[in-house]
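What follows is a short report on a single structure.
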Amino acid sequence: MMLVVSAFVLWAGLWALNIILARRLSEQHARIAVPVIFGLTLVLVVELMVRGLNVSFVILPKPSEMVVRLFTSYEMLWEDFAQTILKGALTGYIVGCGAALMVAFLASWSDFLRRGLLPLGNFVAALPVVGLAPIMVMWFGFGWESKAAIVVSMCFFPMLVNCVQGLAATNAIERDLFKTYAASPVQQLGLLRLPAAMPFVLNGLKVCTPLALIGAIVAEFFGSPSVGMGFRIKTSVGSLSLDLVWAEIIVAAIAGTGFFGLLLIIERSLTFWHPSQRR
Amino acid sequence: MSVVTAEGLSLTFPGDVQALKGVNLSIDAGEFVSFIGPSGCGKTTFLRVVADLEKPTGGEVRVTGLSPEEARMKRAYGYVFQQPGLLPWRTVEGNVRLPLALMGQDRRTADQRVASVLKMVELDGFGNKYPWQLSGGMQQRASIARALAFDAELLLMDEPFGALDEIVRDRLNDQLLDLWRSTQKTVLFVTHSIPEAVYLSTKIVVMSPRPGRIAKVIDNPLPSDRPLEVRESTEFLSVASDVRNALREGMH
Amino acid sequence: MVQWLARSVLPVMTIIAAIVLIWYAAAVPMNAGRTYMMAPDDAEIALPDLVSDTWAQKKPRLPVPHQIVVEVRKQATFSWIWKEKRRGYKRSLIYHTWVTLSSTIFGFVLGLVLGVSLSLAIVYSRVMDLSVMPWVITSQTIPIIAIAPMIIVIMAAGGMTGLMPKGVISMYLSYFPIVVGMTKGLRSSEPILEDQMKTWSATAFQTFWLLRLPSAMPFLFPAMKIGLAAALVGAVVAELPSGARAGLGARLLVFSYRSETIPMWANLVSAALLAGILVVSFGLLERAVNRRLGFRNAGDVTS
C-alpha cells in the first residue's frame, strides 16, 4: 500500500517539477528536460505500482526486470535485432524507398504518368498492404528476404506519393526563372526540383520508418527461422517469459526512435530553409 | 539599333482571351521603357513574350535581332519577377551565382562577379545570409543582382517593386536609375505606378485592356540625371498628367 | 467532361490496365513450376497449354485476377446467418469483413477521442506539449505488433477479450495522425482573427468554439482519413497474435498455413475494398462539412 501511495506522490511531485521547469527553463533546455522527466516518471510509477499491487509476472513484469533481461540476454537480442531490423527492415526500407524515388523521377518527366500514379498511390497507401506478408513469405521463403519484400511493398507507395508531390513542389516563378536561364532538364532537376523535394522526401522517409518495423516483425508471424524479434515475441508469449518480450519491445523502441531521431537530424541539416524548420 | 521590335504581335489564350492584339513597338538600345496600364492590359504578357515564357499566336517579335527562343538560349536578357523568387536553400551569394553556374562559368570568375553585383545593389556583407533572413526590399535587390549577374544587355523587370512600401520603393528606384545610367543597359519595366514610370523611363508605353493593346507611347523629356526632387517639378507633373489622360482614354 | 476524363481518369485507367497485364504475364513464369511438376517427366508443354494451365491452378503461387474475383463472389455470401451457424468456423467473407470492420471502427472511435483530447491538452497546456508530444511521436516508432501480444495479455488479465484489445491496438495506430493533424489545425487560426476575438473580449471557450475548432476542420479530416486507414491495419494486425478465429487477419493466417492462395488473395481484396469504401465515404463527409464551413475543397474550381 505504501508503494502505491508513494507512486501517486512521486507522480504529483515530478509533474509539479515539470510545470516549474516548463516555465523557468529556456525553450531549448525545456524541450529536453521536460519530456525526459515525464518518461522517467512513467517508468518509476509503473515500477512502484507493479510492486505495490503485486501484479503477477505473467501479466506485467517490473520495468527493472525488463532492464535486467535486456542485459542478461543481450546476445540473443542482438541476433534478433540483426535478423529483423538490419537484414529485414533496413534492406527493405532502402530498396522500397529507393525504388519509389526512381519511379517518382520517371513520373516527374511525364505529366501523364504523374496523373496516373498520384491518385493510385494515394489509394494504395491507405490499404492494409501488411496483409501481403503471408504471400511474401510464400514467395521468398522464411528467411529475411521475405521480410525485406513485405517492407518494400509497404514503403513503396507512401514514399512514392511524397516524392511525386515533392518533385512537383516548385512554384511558377522558379520554373520560369530556370527557363529564362535556358537551364537543361538535368540542371533543373539537380538545382531546383530535387532540393525543393527534400522536405517531402524526408517526410516520406519518416512515414515509412514505423511501417518498415511493423512489416518486418509481422512477416515473422507467418514463418521465420528460429531467430528474429517477431519470432521471439511469438514464442516467448507462449512460454510466458514476458520479461524477454518486453526486452524485445525495448529494443524495437530504441531502434525505431533512434532511426527516427537520425532522420530528424538529417531533415534539420538538409531542409533548414523550409518554413517548418526555421528558427 | 533596335533591341526589341514587335510587329502586329497578338496572343490569344485558350478561352478566347485576347491578352495582346496588334502590338507594334520598337525599343532602342540604352532606353528605359516603362509599361503601364490597368490589370489585364497585357503588359506582363508582353514582357513574357519577349522572354519566350509565352508564345505569341500572331505577329513577330525580335529580341536583339533574334527570335525570343534564340535570345533565351543565348541568355540575352535578365528577368526580374514580381516576387523575388530566390531559392530558399541557397544563400544570397548562392542565388546570384546560380545563373553563372548554369552557364558553366568557373567558380573564381563567378565569385568575383557575384561580389561586384552585390556591391552594385548595396548588399555587400549580406552574401552569406539566406533569403528568408532578409527584408522584402533586400530580397528584391538580391533578385535584381541575380538578373545583373551575367551582364546581359537587356533587363526585363515585371513590377519588381510592386509589393514594397513607398519608402523602400523610392530608394530602390533611385538605385535602379543609377544602375541603368552606369551600365547603359536596355530596360523594359512593367509597373502600376504613374510616378514610378515617369521618374524612371525615357519612354512610357500606356496600355489598355480587352483586348490588350498599346494606347499611347509617351516620350519622357526629363533629363537623364534625375534627383528625387525632380518629382515636384512642373515638367514631371505634366508628363504624369499626360500618362493619366492616356490611361483614362484607353479605358473607353 | 471529356477533358476531365482525359486528364484524370485516362492516366489512372492506363496504369491499372498495365498492372493487370503485368499480373497475368507474371503469373505464367511464377506458376509454371507447378505445371511442370504435375506433368509427366520430360513432357513438352506448348505455350498456350502452359498459359491456360498457369491461369487455372488450384493452389497457384500467384492467382490471376479473374480467379480472385470468382473466389470473392463465391465467398461473399450471407449464408452464415442461416446455414453455417452450428459449424465451428464460418467461410463467408462478408462475415469476416464485418468482424474486422467492427473492431476498426471501434478502434478508430477510441483513437479519435484520445487524439482529440490529447491535442486539446497539448494546445492549451505548455507542460503537456513539452512532456507528452515527444512521447506521442516515440510511441509510433515502436512497432505495434511487438506490443500487441502484451496488450492482449494485460487486458485478458482484466477480463477484457475479443473486441476490446483489438480496438485498443487499432487505437494505438489511429490516434497518432489525429493528434498531429488536430494540433496543427487548432494552431492554424489566423492571428488577425485571434486578435479580433480578443477585441470582442470573447471567452476562451468562445474563441475555441467559434474560431479554432472550425479552422481545425480542414486539418482534422485528412488526419481522420489516415487514422481510419491505420485503424484497419491495426485491426488486421491485432488478429494475428490474438488467437482470433474470425476476421480478415485471422483468416489470412489460417489460409497461409494451408497454402490456400486464392482465398488469401480474396481476403486481401476484401480488406482493400473495405479500406476503399471507408476512405471514399469519409472523403464525401469531408466535402460536405468543408462546404458547410465555407472552406474550399481540393477539387473545386478556383477563381
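Chains: A, B and C, in written order; residue numbering restarts at 1 for each.
The rule is simple: a contact is a pair of C-beta atoms (placed from the backbone, for glycine too) under 8 Å apart; a residue touches a chain by one contact, two chains touch by 3 or more.
All figures in this text were calculated on a predicted structure; none of them were measured in a lab.
A.B. asks: State which chains count as neighbours of chain A and simultaneously of chain B.
C.D. replies: Of all the chains present, none is in contact with both chain A and chain B.
A.B. asks: For this structure, I'd like the pair of chains sharing the most C-beta contacts.
C.D. replies: Comparing chain pairs, contacts are most numerous for A-C.
A.B. asks: Hey, how far is the Cα centre of chain A from the one of chain B, in Å?
C.D. replies: Taking the mean C-alpha position of each chain, the two centres sit 50 Å apart.
A.B. asks: Distance from the CA centroid of chain A to that of chain C, rounded to the nearest Å?
C.D. replies: It comes to 18 Å between the two C-alpha centres.
A.B. asks: CA centre of chain B versus CA centre of chain C: separation in Å?
C.D. replies: 53
A.B. asks: Where on chain A is chain B touching in the complex?
C.D. replies: Residues in contact with chain B: 171, 173-174, 176-183, 187, 191-192, 195, 198, 271-275, 278.
A.B. asks: Under the definition above, what is the set of chain C residues touching chain A in their complex?
C.D. replies: It comes out as residues 7-8, 11-12, 14-16, 61, 126-127, 130-135, 137-138, 140-147, 149-150, 153-154, 157, 225-226, 229, 232-233, 236-237, 240-241, 248-249, 252-253, 255-256, 259, 261, 264-265, 267-268, 271-272, 275-276, 279.
A.B. asks: Which positions of chain A touch chain C when the two form their complex?
C.D. replies: My answer: residues 15, 18-19, 22-23, 30-31, 34-35, 37-39, 56, 58-60, 112-117, 119-120, 123, 125-128, 130-132, 134-135, 137-139, 209-210, 213-214, 217-218, 221-223, 229-230, 233-234, 237, 242, 245-246, 248-249, 252-253, 256-257, 259-260.
A.B. asks: Can you list the residues on chain B that touch chain A in the complex?
C.D. replies: On the chain B side, the touching residues are 51-53, 72-75, 77-79, 81-83, 85, 87-89, 98-99, 101-103, 130, 132.
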